[in-house]
Amino acid sequence: MPKRSKHKTLIRKRGRKVGQPPGTLVHVGEQHNENTALMLVNYNQDLYSEQTLQQVSDLDRNAYPEQVLWCQVQGVHDATVVQSLGEKFQLHPLVMEDILNTDQRPKLEIHEHYLYIVVKTIEFDPDANEARIEQISLVLGDGFLISFQEGSNELFQGVRNRLSSGRRLRALRADYLAYALIDTLVDNYFVLLEKFGDNVELLEEELLNNPNPATLAKIHHYKREMLLLRKVVWPLREVLVSLSRDESELVSRDTQVFVRDVYDHTIHIMDSIDTIRDLLAGMLDLYISSVSNHMNEIMKVLTIFASIFMPLTFIAGVYGMNFQHMPELSMRWGYPIAMGAMITIGVSLAVYFRWKKWL
Amino acid sequence: MPKRSKHKTLIRKRGRKVGQPPGTLVHVGEQHNENTALMLVNYNQDLYSEQTLQQVSDLDRNAYPEQVLWCQVQGVHDATVVQSLGEKFQLHPLVMEDILNTDQRPKLEIHEHYLYIVVKTIEFDPDANEARIEQISLVLGDGFLISFQEGSNELFQGVRNRLSSGRRLRALRADYLAYALIDTLVDNYFVLLEKFGDNVELLEEELLNNPNPATLAKIHHYKREMLLLRKVVWPLREVLVSLSRDESELVSRDTQVFVRDVYDHTIHIMDSIDTIRDLLAGMLDLYISSVSNHMNEIMKVLTIFASIFMPLTFIAGVYGMNFQHMPELSMRWGYPIAMGAMITIGVSLAVYFRWKKWL
Amino acid sequence: MPKRSKHKTLIRKRGRKVGQPPGTLVHVGEQHNENTALMLVNYNQDLYSEQTLQQVSDLDRNAYPEQVLWCQVQGVHDATVVQSLGEKFQLHPLVMEDILNTDQRPKLEIHEHYLYIVVKTIEFDPDANEARIEQISLVLGDGFLISFQEGSNELFQGVRNRLSSGRRLRALRADYLAYALIDTLVDNYFVLLEKFGDNVELLEEELLNNPNPATLAKIHHYKREMLLLRKVVWPLREVLVSLSRDESELVSRDTQVFVRDVYDHTIHIMDSIDTIRDLLAGMLDLYISSVSNHMNEIMKVLTIFASIFMPLTFIAGVYGMNFQHMPELSMRWGYPIAMGAMITIGVSLAVYFRWKKWL
Amino acid sequence: MPKRSKHKTLIRKRGRKVGQPPGTLVHVGEQHNENTALMLVNYNQDLYSEQTLQQVSDLDRNAYPEQVLWCQVQGVHDATVVQSLGEKFQLHPLVMEDILNTDQRPKLEIHEHYLYIVVKTIEFDPDANEARIEQISLVLGDGFLISFQEGSNELFQGVRNRLSSGRRLRALRADYLAYALIDTLVDNYFVLLEKFGDNVELLEEELLNNPNPATLAKIHHYKREMLLLRKVVWPLREVLVSLSRDESELVSRDTQVFVRDVYDHTIHIMDSIDTIRDLLAGMLDLYISSVSNHMNEIMKVLTIFASIFMPLTFIAGVYGMNFQHMPELSMRWGYPIAMGAMITIGVSLAVYFRWKKWL
Amino acid sequence: MPKRSKHKTLIRKRGRKVGQPPGTLVHVGEQHNENTALMLVNYNQDLYSEQTLQQVSDLDRNAYPEQVLWCQVQGVHDATVVQSLGEKFQLHPLVMEDILNTDQRPKLEIHEHYLYIVVKTIEFDPDANEARIEQISLVLGDGFLISFQEGSNELFQGVRNRLSSGRRLRALRADYLAYALIDTLVDNYFVLLEKFGDNVELLEEELLNNPNPATLAKIHHYKREMLLLRKVVWPLREVLVSLSRDESELVSRDTQVFVRDVYDHTIHIMDSIDTIRDLLAGMLDLYISSVSNHMNEIMKVLTIFASIFMPLTFIAGVYGMNFQHMPELSMRWGYPIAMGAMITIGVSLAVYFRWKKWL
């Protein structure tokens, strides 16, 4: 069975949080990076620039008029960074609290001047044969997008490349950028599902050819993974529905067409997760049945051996008795006759079991 | 068990797609044909004509005024064909992307000047005893219908025949043509379900008369097939509801009556799929129980043999002991008495098991 | 197990239908009668008359002003009869097609001048211990009701009697007649459910007293029957809801009160079906458990015999060895001591098993 | 297992009813009383009076102006009593039919001048360890309430006492009286659920300490009872919701507050029923597992005995062979060595099974 | 298995209540304190004061103008305290009844001048390894909040500290205070879920490494606990939704933002409960399968021993027969040949079982 990784607990610890007043900024989750990096991308149709800031205070929000500003925070364990950035963009204290708490459900909160979106990346860890989940918080405002995540932002390299390579993408507003990031995430879910789908089909073959206790543990493992994925993808649907119907001016009609496309993808993913779950449930039934079948096979062997040899051993035992008056013992053909009888009985029983289809 | 065909994976590969910007035209799915054929049917009440185009550029969209134009694309693996056709009819880039991706859920997208409909054909493959699914994309506009599919369009030969044979069908608009294609598909689902229904009822008989591990594998196989069918038919319902309520002028009121009729058929099909699923679930229970019953039978045989012969063998063993002072051994009637006792014990036990209904 | 009747397939054949253009009139289903009979009932408060027509063309629709006209078609396998009648009453081609196809789900279609209602009769066949389902199509118009069915219309004799016996019933319009027919059908469902309910409770008693493999097959049989009934009754609910809310002038307010009453009955029937299904599910669990219990009993017997006699047989075997130097063999009390030891061991083991509650 | 009482069939007989025209007054259900009693309570703030009428014709509906009139009919098997009372209060024929049919689902029917309410009392029968259900029909009109039931009206003695003891209760209208009766019924459901809850928890303890086949039958029995209760309580919810939102003038706003309180209670009861059902489902799983565990124990004992004694018996058998040339037999230490070998093998196997945790 | 605590019955006793008129004030539940304490907190932006009152009559409701008044009642078993307080604040009799009945579902009742909220605290009892549930009733009015609970109000010490430490919290109204209490409760649910989550994951490891009957009892125990938690948290969702949408002036818009945040938390908690339940269901399947696997192992050992030694013992028995004419017995190499045959047979069978993967 794949070893349970340390990183995967179904219920995340948020103990430090409890007892604190609402709005207290405390990081909840694992720390992946030592430092917090703040990467800035600003662009419009004519220019594209990337830079890494040392401190939040270096960021001048008004320095990029007529441009889209994309702040990427890597490492949300440092509450002060989130707080100073949050204050710069006038985020609600509860939003800052949620950014720090990486154990949120995907959700969309509509605030007056911005949207707060929580989504999850899922990465496949081939060693543990399981999914790794990380939270990404997006704050989408007028002309800016802030993305917060604990790990590295490698996943979005493709988006940055497309932006920098100067295509019509740069003419679009921050809402399209938000869409592009979510689209990237969801595309990645497909990769993951393919991995799981392949593994589950391999498992199915193993189940049909050579079921063993490890098969069972693997079925359990994948059921658990699917549970986890479902928990991540299910609420994302609502997020995308709300986003595609948002009537604030932050999401344009054109972008909403695209959001509906991602929405279709998540529906598709939910479908596939449910299909895999149904398949796993069927495989469990199959496993249990095949164990029963196997048991039947074993019992048949036992029963055949016992049923054939017990009568024979008994007969041998009878003629092994030491009574003085046993006329058969002194008969000339006693031994061959006894042996013949035994062979007859044995063969009859074998024929009987053959007729019963046990042999 | 029917061999798992290579073509049937629950989660389709779309790996090439991931990481590409939205709207990238990449074919996702299997390639069935070497070439892409473009077949053109144009008709009105007075004329009917079929032709095969070599290139998309040969198609002059405005050459068929007052006629219905039906473009049939066979083989969607060639992105350039889809793209140039799409541009000719001003399709949205995401629609073109979806046409190429043959792993879509059935859906209806309402665009300004056209409807985009994704449906699936299902064909029964008797060798693998399973359903083959293929995607058909329909673009229904004012005066034209474009159908995209990877495989051959044999299925629609009946529709073409009816069109050419000059009946009142040709007086109707492109929306009726779209309906006729979908109706053909759905009628085909019935054929498939009958096949599966028959096979499942045969399987039920096998289960009641001669359950064996292959029965179990077949139950699993059909459950899996039903899962797949359900995944195809379920979203079709929504497509047809939307279509029958569409308020654009692309679908006429008369056609909507017909669409509601197909809708009724899909409901019927869903019902039948669920009935078969329930039946298969019941058969699985039956199988597991019959395995247990069988085991009971085996155990009874074993227990009867062991219980009768063990005491007898023990007695024979006792009189096979070599003690010098065993008075029974030298008794004149020792041997017959011992044999009598053994027979009595054996018969008593047999009677006891008979009384317990084990014999 | 009750033998599976030939008439009962979950998925009806409609193969002849596939590939035909929509609106093609082809009978789908079994043929019960050789001939098609057309029985005519016309009445108003003052008169009541019954007649049997030889041909549809004999029917003059306008000959019964101010009367309710009830045409009863027995035997719908003859497409021409349905077609000529349909044309006389100006039915939509799809309606005629549905009348001929006796594998419809119960449904209500609201057309401009009439309502088309599909319902099902269920009859209990005591030989096969199962339900027989037949389709009845009703066309309710202004002043007329047409009922189509394949079998005989014996079931409605009660309604005809009540009509002819001159009560206030004849003052009511055709909608009340339609209600009266449906009410008769639904009342019949109760009779059926009582039969099944009784049989299931008998089965429950059998299960508690003497579970055997036939019990299992019966549970499966009744589950299957309930599946079938559910499929028939469930959509009837929607039919009745629509009928009781119909805003056309074809169903009067007074009749709607009665329709709501039948609606209550169908809810009740659905409840009962679900109760029986839950009960059967519970009985299956009980059966499986009782099989396991039985197995435990068998295993205990085996284990007790084996555990007691194996050690004893071993001891007897030891003293049956032919070593020249076995001092016990020549001891005066060797044999009684050995026998005593064996008896002690046997009794001790029996006491042990008694203490373990295995005896 | 508690004996199945004769009174408890899941599907009530209504055979006599079938085939009758709608509105025929026929009693459906069991008859508990020989006679039908008609008890009359009339009150207002100033007076309270109870009387028992001999005949329905003795009742003068208009003799109690400005008072609340409560007619209690005990014994609904006499259709004439219901009919004459129904005619006196101008009830719809279908309502009279439903009053006589004691196999109704709980429901609320809103008629022009009155409300018709069907509810159920549930009583715990400690002998059969099961619930007894009886139907109570309430007709609530302007200034009067009629309650119909087959059994005695002991249950409402508390309500009569409160009315007679002259509290502010008498100032309230008939709708409050109806509420008070329903409240009494629902309070009684709690008593019942406590009984079942206690019994189920006792059963759970029995299951953990000493599971036996009777435990299983009891689990099945309680599941069945819960099924029945659910069937009674579930539709009551809808009744109370409708009642609390009724916009006729028959139910005052003040009373609606109270009705909502009873509604909360029924929700609570549904919750508890579902909890008990979940618990019973869990107990069934536990039972099945414990049977399997037990089987494992038995099999271990058998396997240990067989595995230890079979090799030893074989060795003894070898030295019991009568070959003339068996050098071991004449060795001085043959016997002790053989015995030592046997003991070594036996002990090794015991140690092996101990290591495998089977001992 | 964790011992069932006396405090945990799924269906609480409310027997004393039944038969009483609605609005009767009787305590339902356990009594934890001997005395009833009434603690008073009053504050505004400038002051904060705590006091403990001896009697309800000492409380002058109008003595705290422009302040928030928080009355904390500890010990609701004394009906007179609740009644006099309820009358002072003009609560509806049914509200007072509900406060005394500590077996309510969480709910929100909107009254004219106040809101009545029922919530539950859950505490983890590490000895019994289970959750303890206590009811807290909140009455939120204009300028005051009354909290009723049976146990001590330690849980709210944090809220009192934050209030007294003079932060901006004191500027907020009573609705924020109510929110703060509910938030504290819900935060506590997380602590509990973490405990259960940890324990369930430990159990999962135990299940994979060393399944035993105690594992099964623990799975059952946790399923039961989850059932209980679900029952508490599920209705809380509705309470919070209603609260966040309340249109009375008792809950301000600002507070509603916070309430929605708690709502998100309860959704998260429900998710986690369902995840744990799914996990436990999977673990049960795993347990049952592992028992079957174990049984298979045992059976294999038995079958191997029996199948190898039975033929050998039979052969030894044959040559232990006492026939006078058995030529093999006097052969010079008879014994070694017989032994060789036996070894050959034994080894062949062992090889056969190895090939069958049973060894």
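For reference, chains read A, B, C, D and E in written order, and residue numbers begin at 1 within each chain.
Assume a contact is a pair of C-beta atoms (placed from the backbone, for glycine too) under 8 Å apart; a residue touches a chain by one contact, two chains touch by 3 or more.
Because the structure is predicted, anything quoted here is derived from the model rather than measured.
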Minimum number of chain-to-chain touching steps separating chain A from chain D: 2
Whole-Å gap separating chain A and chain E, where each centre is the average of the chain's CA atoms: 26
Overlap residues in chain C, where contacts from two or more other chains coincide: 288, 292, 295, 299, 302, 306, 310, 313, 317, 320-322, 326
Topology of the chain contact graph, where touching chains are joined (line, ring, star, complete, other): ring
List of chain B residues in touch with chain C within their complex: 158, 162, 169, 180, 183-184, 187-188, 190-191, 193-194, 196-198, 200-201, 205, 208, 257-258, 261, 264, 267-268, 271-272, 275-276, 278-279, 282-283, 285-286, 288-290, 292-293, 295-296, 299-300, 302-303, 306-307, 310-311, 313-314, 317-318, 320-326, 358
Parts of chain E lying in touch with chain D, wherever the complex brings them together: 1, 4, 9-11, 13-15, 17-19, 21-22, 92, 94, 103-105, 107, 213, 216-217, 220, 223-224, 227-228, 231, 284, 287-288, 291-292, 294-295, 298-299, 301-302, 305-306, 309-310, 312-313, 316-317, 319-322, 326, 328-330, 332, 334-335, 338-339, 342
